[in-house]
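Structures follow.
Below are two complexes that have chain A in common, paired first with chain B and then with chain C.
Then we have the complex of A and B:
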């Protein structure tokens, strides 16, 4: 089963320098955070969607639809229902809905931006960019490795779940609490397996010089070019524009 | 910690009077080990589980005691440089190791980046890294795979990638810890062929292996037991000491056993042994001596339990995992499901117990559509033991672990207790019923995994590579357990890469190749079809190949000896 979020393509976005992509990622998060109205947030989401399509990375959004679609509807419903009312005044249902929509679009923009970044950036590029931006190498490496390993653990969890289903464990019936409790026999083997794997990976990393303490190098890497500067300028422009949008 | 200043190329590895004792939990591991390996030399270390083989390798590259708490004494040095007490990082990649679990060693986005990781950590110039990547990928025959995601490679390719990622660091010592255990016969052959191409580089090569056939080309063999070296010497001489191998818990080479049983000297290669036996004279009656079939009913006589018709499956990425697979599984059979890594064996097996539902074609259980039955009902009839026992063990005690399945099916009270007792006795784990499953040895955990499924009293037991990672005595114990269950009426389907397991225990073979079932029939017929075996990367054990070349239908050394000693 293909679970990795990276899509090996040769699009214009794949070719951008990882530092430019990390900075634009931060700028788009900033923009989405500042915007409060559904319309500009929808515009920003459409822009991210268009960028994803132009980078031939739409399959990543399709693969993550199981997360994005429920998050959208759940957020709209929750924030519409719990929209803060003014004391003594009737709740403005239209304002509540707009608020719920804005919150959902903000979350969707965060998710889509993150996914398109991971779909077009290798973990090695990501770690390199973080190191160049001042994040300690070990911290950056562990963070990026987590993105690589999440699908691995997810796959292990599916195998364990299958193994327990073969022993008659029923995940489908009973109350929500009962069903959650039945995941104990899945969580324990996944957790122990994760610890064993972490041990083995620590050995493998040490053997490959992770603690050699020398200045690290890599395969030859292209520098920042005009395309990267344009991308960066566009990100800055979007962030600045959000400051002036009412 | 001692500073490691590096060595000149071509230094010898010396281990002298070395002792190691783990401290958490306390356990002796090595006692008085002495060994010297010259550059360009390949030394194979063999022994049962717990003999100290892996610990020795981990001490040589400083993982023990740097990362695993242990007290070590004695001397390990590379040339003039002591290695004991050095930090792993200070070795600067001069002593490198390939681990048994190659999946855990690969974490990069593509093959080229995987190989570049090590040199990058050592600060090698980018241009030189690129050159090393190309050189090492060519050396291990992966030059065409540079842009591929490591997870998409076959088992053999992954293991060769693991070697390439180490070789690119240009180490002086290469340690290999059971590097070919998870590989099919062709993957194992590819791996050792790649290792041959490395030998010219004046590396110190030290490989731990369970099977003797792949390491016949090693210059020397070292046999270990209980933390000590009990014998060391030239491979060609030592490998003939059948008693020594048996005493050390290592399966002796077929042809060494044959030579001893016949009381003659035989070459250890199949062609040489055939020529020697022909020269010695093969009785005419031997050529017609029928091979004794393992106990059990034949496929034709067995009433059907499972019927598979036109089964096909295509994965999301377009891979044809299964294509037009049809066969019938009869009650009381012992079937070996064989084929290369990625040939569709596990996918097929998961259709047999309902974990995967047929998308194209059908699977019928006792005549009923298996896809329409609830998984719980199917699980009672068709037990499935996963390859890795740790994928299912979670309970606090061995007895609780065994009780889990039957309890889910409604068994309780005395009936449940009796079932647990009976199952634990059957798998030989009654003595450890109150132990934590996670603290058992690998062989015991594997038998416990079988017990957890066996406790549900299934009519069919499917086991996915149940002998992986086990030493010879553990493998024998597992197979004897399966033979007992089979004799008691359980239908057994075992997925395995081990040729001798197939020929000694199975009566019928299903051979998969690229998602297709290319052979379904009696094992003897398969062994007669050499081209088919070769095309599916399956190689019969040496004794069987010798027997077939002499026109004898023997499947074990015993049968071959009986045939050769029969009167004309």
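Then we have the complex of A and C:
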């Protein structure tokens, strides 16, 4: 599995300011949440799909089809069965199916919106936007550092697994529980190695003035431009439109 | 709760938060392909890690579990439900070390029947809080009914944590203590609260978790007395689950 959903392209959406993208993401979530009828939800999903195509990010939806297709059918079935009917009244099966369809389209819209955001926004841009929107710098720093450490842990785990295999540990045979239990001798060295790395990293950050308490400097980034304002205006218009849709 | 804010001033705790988050995410990600409820939850043996890290690193693990779950969600799509996943995992890692610290002075490696009983109580309380938070949030958003998701989450979290966490703690706790990286070593010893405060805190945390999870299930399947039933099913659920979660959070804050 690839360790990022980001697609390094140069589309109009990739070039948008990360704050504008985060705000439009929230507005689209809000719009999808307010809609309760399958037809407007389907329209919103088609719109998100069109945006994904125009940003040349359709491969992300293709890559995640293993998730999106079962989610749709599962959600339709489960919400048709759990349709919140009035107590004591007979369940209208057609209304239940329509409700299930609406819930599935809402969930698909949430997923597709999240995917197009992740396909066009790097983790550093996301952390930058969060910091500009008021999230403390250190929280954003932890998010980006943790994201960067995930492949490091994977790599360490593979190295330890190979070393244990050389010593005769068999990861391939036995029941699922047995095979999971055999990963104990992999997890422990990776964890202890991670601790050692964390300790060294804390020292490195300290000597670079991480806790100096002085105002922090950063590389200047381009501000919000007309294209970002248009994107924001469109997001607001969609959110407002959902308020008037019956 | 003060230490949850104070830890952000300590560089070592900040780095440990990132380490807990990335380690949690690194074990979550390979199992994303084994769904229990497609798009919502999957088989998560990684759920033992917030409990293990909670006992080792305390507040760093609390933030680490929340951020690690968010990073895991980056691989299955970002959505409004992730906010509830963030809060749920935050509570899941908050309950174990707080309740253990309040009830026992020994190492959190269960060896005696009493220690095992306490271990089960603290893990299931954390799992119940996580299940109620995530179940409530995803029902309100229209993803999955509370009665389905909350029960899947509590079983998934409790079983993996009760099976794997004691094994990992038995190996890791002495080693981490030896290198003086336990949260008490980094942030200093926690001042002991009064007995009244301890009893009240533990009582509120466990009662709140029970109200949120059991009451939420009762509300979701419609077996509540008519006086508790509100205008809509989601409102009924909110009336039961949110006060339960608030009670539990208040109880944990006292410890």
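Everything that follows uses one rule, which is that the second predicted complex is superposed on the first by the 160 of 246 C-alpha atoms of A that agree within 3 Å, B and C clash if a C-alpha of one lies under 4 Å from a C-alpha of the other, contacts with A are read in each partner's own complex, and residues count from 1 in each chain.
Basically, a contact is a pair of C-beta atoms (placed from the backbone, for glycine too) under 8 Å apart; a residue touches a chain by one contact, two chains touch by 3 or more.
Everything numeric in this text was worked out from a predicted model, so none of it was measured.
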- Query: Just chain B (first), just chain C (second), both, or neither: which does A:188 touch?
  - Reply: both
- Who does A:45 touch here: chain B (first), chain C (second), both, or neither? neither
- Query: Looking at the overlay, does A:206 come into contact with chain B only (first), chain C only (second), both, or neither?
  - Reply: both
- Mind working out whether A:79 is in touch with chain B, chain C, both or neither, as first, second, both or neither? second
- Query: In the superposed arrangement, which partner chain does A:7 touch: chain B (first), chain C (second), both, or neither?
  - Reply: neither
- Query: First (chain B), second (chain C), both or neither: which does A:111 touch?
  - Reply: second
- Task: For A:136, decide between first (touching chain B), second (touching chain C), both and neither.
- Result: second
- Message: For A:180 in the superposed arrangement: first (chain B), second (chain C), both or neither?
- Response: second
- Could you say whether A:218 touches chain B, chain C, both of them, or neither, answering first, second, both or neither? first
- Broader residue contact with chain A after superposition on the shared chain, chain B or chain C: C
- Query: For chain A, what residues appear in both contact lists, the one with chain B and the one with chain C?
  - Reply: 1, 4, 123, 145, 148-149, 184, 188, 192, 197, 201-202, 206, 210-211
- Note which residues of chain B are touching chain A in the complex, please. 58, 61, 63, 66-67, 87-90, 92-93, 96-97, 99, 101, 104-105, 107-110, 112-113, 116-127, 129-130, 133, 147, 149, 151, 165-166, 169, 315-317, 350, 353, 355, 375-376, 379-380, 383-384, 386, 388, 390-395, 404-405, 408-409, 438, 452-453, 456
- Residues of chain C that touch chain A when the two form their complex: 8-9, 11-12, 14-19, 21-23, 25-27, 29-30, 32-33, 35, 37-40, 45, 63-64, 67-68, 70-71, 74-81, 141-145, 147-148, 167-168, 171-172, 175-176, 179, 181, 222, 229, 232-233
- Residue numbers on chain A that touch chain B, as the complex places them: 1-2, 4, 6, 8, 122-124, 145, 148-149, 156, 159-160, 162-170, 184-185, 188-189, 192-193, 196-197, 200-204, 206-221
- What residues on chain A touch chain C, complex-wise? 1, 3-5, 25, 29, 33, 64, 66-68, 70-71, 74-75, 78-79, 82, 84, 87, 102-103, 106-107, 110-115, 117-118, 123, 136, 138-139, 141-143, 145-150, 152-154, 157, 180, 184, 187-188, 190-192, 194-195, 197-199, 201-202, 205-206, 210-211
